[in-house]
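Before anything else, here's the structure in question.
Letters A, B, C and D mark the chains as written, and numbering starts fresh at 1 in each.
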Amino acid sequence: MLRLYMRLGIPVLVVCIVAAAGLGVTYAMTKDKIAAQDREAKAKSLRIVLGRAKSFVELDAKKDAVVYEKATAAAVDVRVDGLFRALDGTGAQVGWGLLVAPRGYGGPISMAVGVDRNGKVTGATIASMNETPGLGTKVITQKDWLPRFSGLDTSAGTESVRKIDTIMGATKSSRGVRKGVGAAAAIYTDVLKSLEGGSGQ
Amino acid sequence: MKEWMRVLRNGLSLENPLTVLMIGLCSTLAVSTKLEGAFFMGIGVIFVLVMSNVLIAAVRKFTPDEVRIPIFIVIIASFVTIVDLVMKAYLPSVYSFLGVWIPLIVVNCIVLGRAEAFAYHNTVWLSVADGIGMGLGYTVIIAGLAAFRELFGSGQLQFLGATLVTMPAFYRPPNILLLFPGAFILFGLIIAGSQALNRRIAAKDAAQAASLKEAV
Amino acid sequence: MDVMLIVKAVGALSLIGVMSAILLATAAQKFHVDIDPRVQQVLDALPGANCGACGNPSCFSVAEGIAEGRLLATTCVAGGQEVADAVATVMGQDTCVVATVLACRHCGGGTKAQRAYVYGGAHSCNAVDKLAGGSLLCPNGCLGYGDCVRACPFDAMSMDERGLPVIDLAKCTGCGVCVTECPRGGTGLLELVPESAAVVVRCGSRDRVKERRAYCPMTCIACKKCERACPSDAIHVIDMLAVVDYDKCTACNTCVAVCPQKCIDVTGRASRRSATVTDGTAGDFEGFVSKSAAQVEEAEQA
Amino acid sequence: MSGVAQLMLLFIGAALVNNILLTRFIALCSFFGISNDMHTSIGMSLAVIFVMMMASTATWMFYYFLLKPLGVGEFLYIPAFILVIAALVQFVEMYLRKYSPALYRAMGIYLPLITTNCAVLAAATEAVKPGFFKMGIAYNFTLGENLIYTLGVSCGYGFALLSFTAMRERLELAQVPEWLKGSPMAFITAGLLTLGYIGLGSLFGL
């Protein structure tokens, strides 16, 4: 009885221990690199939408849990990936960088939206998505479309994006992107606006 | 060494996992929209195949039959995770394209299939050959398919950031090639081609055998 | 390096691993089904084609049945004597004799038989048969779309130029899959006959003689010449159709020679005639005219 | 969105709009391997639905009660999930053989094949890593949602498999050019089938 358990259990146990240890070591070795890549990717897309800012400080997921909660509520069904204070060279806050992921045709579209202190959208960019090549990808390849979000007033929340038309042939994808910017606007007006001021400096 | 080469060649032609055995199709069709992605996918599969083949062949004497599948699959999954993590850390752009398919190497029938069918019964040395052969067979087909789809579907062929070939301006790339239906139809035609080729080879062999008989 | 993380990882995966091992070990004991080791041995002895000819779902279920004693060692009809012997050896029984059968076709009409309508649908006998009783005027003739050929698990059948299935008797195991698959198998178009069968009547039409003469050049005209000529009383015209009694037939081929329609044919593994040799060809279609008894003899000697 | 409506959408989205076989290219091996025969397809579909429900429940629990609290979910999920799936499949096979011979006969022989069915691992992973397989999920599941979602994925699998099998059975009788006979034609048919599924994308605004 016991022998059967030992006979079957010990090889599995040994393999599991070795495998887990090996993976743990690999993970420990690559962890920092992956985190750096991740930060770099985020910073890159944030810099695109808020060129004036020199650095971005992410709101801490633990310390500012309430903010994230409120932001998620304001974004309705758009996923909130991160909220960043955008600081200029002197450390003064110039605006906000928001990472949101609305749903497009082929799953979530990860995008960054910048909002300045006047409540104007400074830009929107797409970090990654899985839209249909040639159709959904028009939101990127149609060069004059994304810049149309710049200068948009956020005071109307999710309704602010109404005046931007969707792209023919990429309706679902462009509607997704629009929704993402709308969610960012709503988060800004409902939540972030009140957090501005001293705390960022 | 002769035996080693034979096993290696087997994977490339006679037992090519994709066109002959028709296993490991999921990633083939999904990943083959970009040459670069397909290439690194192939590298990942070769790595996982060779390493897991080696390890499984090495521990085959100590593996109880009842739990061999869990043991094989943990070994394979570990190497897949290593590929996953390393690629995430050092090739982020490739990873963002391939990400989904890396974990699915675990359940890629090629890997577990070779573990069961070959590595479990053969020496470490031969298992290496089998891993390389099968992996290369996979890579060649998938990269070829990707090159075709990328070139004719998007109008240009890129590799590691460099544009290799660009179609002339009047060429309007048909989207269907990059979409799923295009992948299926194209792959169907490839198989039709390889079957026709195999048939011709078989007919030639038969003719040769017949003429030999006559000579005797 | 984060040692704590590695320890946690090892702990978590080991826990899952050990749990699965325990689960499987317990299952192996608790759910242990005593599988007779002979099941595997019997299974190895069976052909493993899962053809279903014996009426069981798979070779495995046959092996189980034989090991349990539910089924006889001769269950596998496809395997024949050889398999039965091997199975009997595994089971420790005396070898037993299997009555081997082969498939044969009772139709010689093919493309020369007149059609009731032109059919352009799915290439399947079963489909044609459902459309107004089939495209042939003959209610029992071969429709010629080759369902039997596709169904044959042993690759023993092929369609020839006359639009008729030809059975390679060297490959035929008498499994009967073709008879089941043929929409007209039930009315005797394809039939299983004893291995010793030497002659076959290539007509199975149940129509009136006058009518079938009108639409098929090959049909049996019920002239009773064969019945009268047969030295061993083995062939009789029953219900306007010649029928061979294989228990009495001595393979003298007299009937083949006298038949004015050339509708009786030589066949059978016993006479070492593969159906492809004696079953006529496209050239001599009009009732196997060119085939005389002398030629059959010649073929036999060669 | 109200609870029931959302669950319905989740189910339809997983089963049709984001059909795992025809829009995500996952689990194609079994798709082409066993779609020759209707009986086999039915058995395999049933087995997949059954195993997927069990496996994704188990992996969800392991992920949220063991891997995540320990902070090792990030890199241990692949071996952990596949180990759970493999062990579970083997266990179910043994259990069925002992206690439900009828069920075992219906789907028993397909069970071992499911270990290497990508659909099971993909759905289990998707449930704890939303959006990973781009199967239209934007948030973390509760156990109940996970069950509905998995049911949707597996039913979608069965639906696609059965409809494709029906087509292939008809195709057997069709007059196809000699050089396209067999698997090439199957692939081309699958291509046309996926074209139809692309159209489903606009259904219910999913």
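Just so we're on the same page, contacts are C-beta pairs under 8 Å (C-beta built on N, C-alpha and C of every residue); 3 or more make two chains touch, one makes a residue touch a chain.
Just so it is clear, the structure is predicted and the values come from calculations on it, not from any experiment.
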{"item": "Distance-to-centre winner among chains (Cα means, whole assembly as reference)", "value": "D"}
{"item": "Furthest chain, CA centroid comparison against chain D", "value": "C"}
{"item": "Pair joined by more contacting C-beta pairs (B-C or C-D)", "value": "C-D"}
{"item": "Rounded Å distance between chain C and chain D, as computed from the means of their C-alpha atoms", "value": "39"}
{"item": "Centre-of-Cα separation between chain B and chain A, whole angstrom", "value": "35"}
{"item": "For chain A paired with chain C, centre-to-centre distance based on mean C-alpha positions, whole Å", "value": "67"}
{"item": "Junction residues of chain C, two or more chains touched", "value": "5, 8-9, 11-13, 16-17, 20-21, 24-25, 28"}
{"item": "Contacts with 2+ other chains: residues of chain A", "value": "8, 12, 15-16, 19-20, 23-24, 26-27"}
{"item": "Multi-partner residues of chain B (at least 2 other chains)", "value": "66-67, 70, 74, 77-78, 81, 85, 179"}
{"item": "Touching residues (chain side chain C, partner chain B) in the complex", "value": "13, 17, 20-21, 24-25, 28"}
{"item": "Contact footprint of chain C on chain B as seen in their complex", "value": "66-67, 70, 74"}
{"item": "Complex contact set, residues of chain A against chain B", "value": "7-8, 11-12, 15-16, 19, 22-23, 26-27, 30, 33-34, 37, 41, 128, 132-135"}
{"item": "Touch list for chain D against partner chain A, complex", "value": "72, 74-76, 79, 83, 130-131, 134-139, 201-202"}
{"item": "Complex contacts: residues of chain D adjacent to chain B", "value": "22-29, 32-33, 75-76, 78-79, 82-83, 86-87, 90, 115-118, 120-122, 125, 132-134, 179-180, 182-188, 190-192, 194-195, 198"}
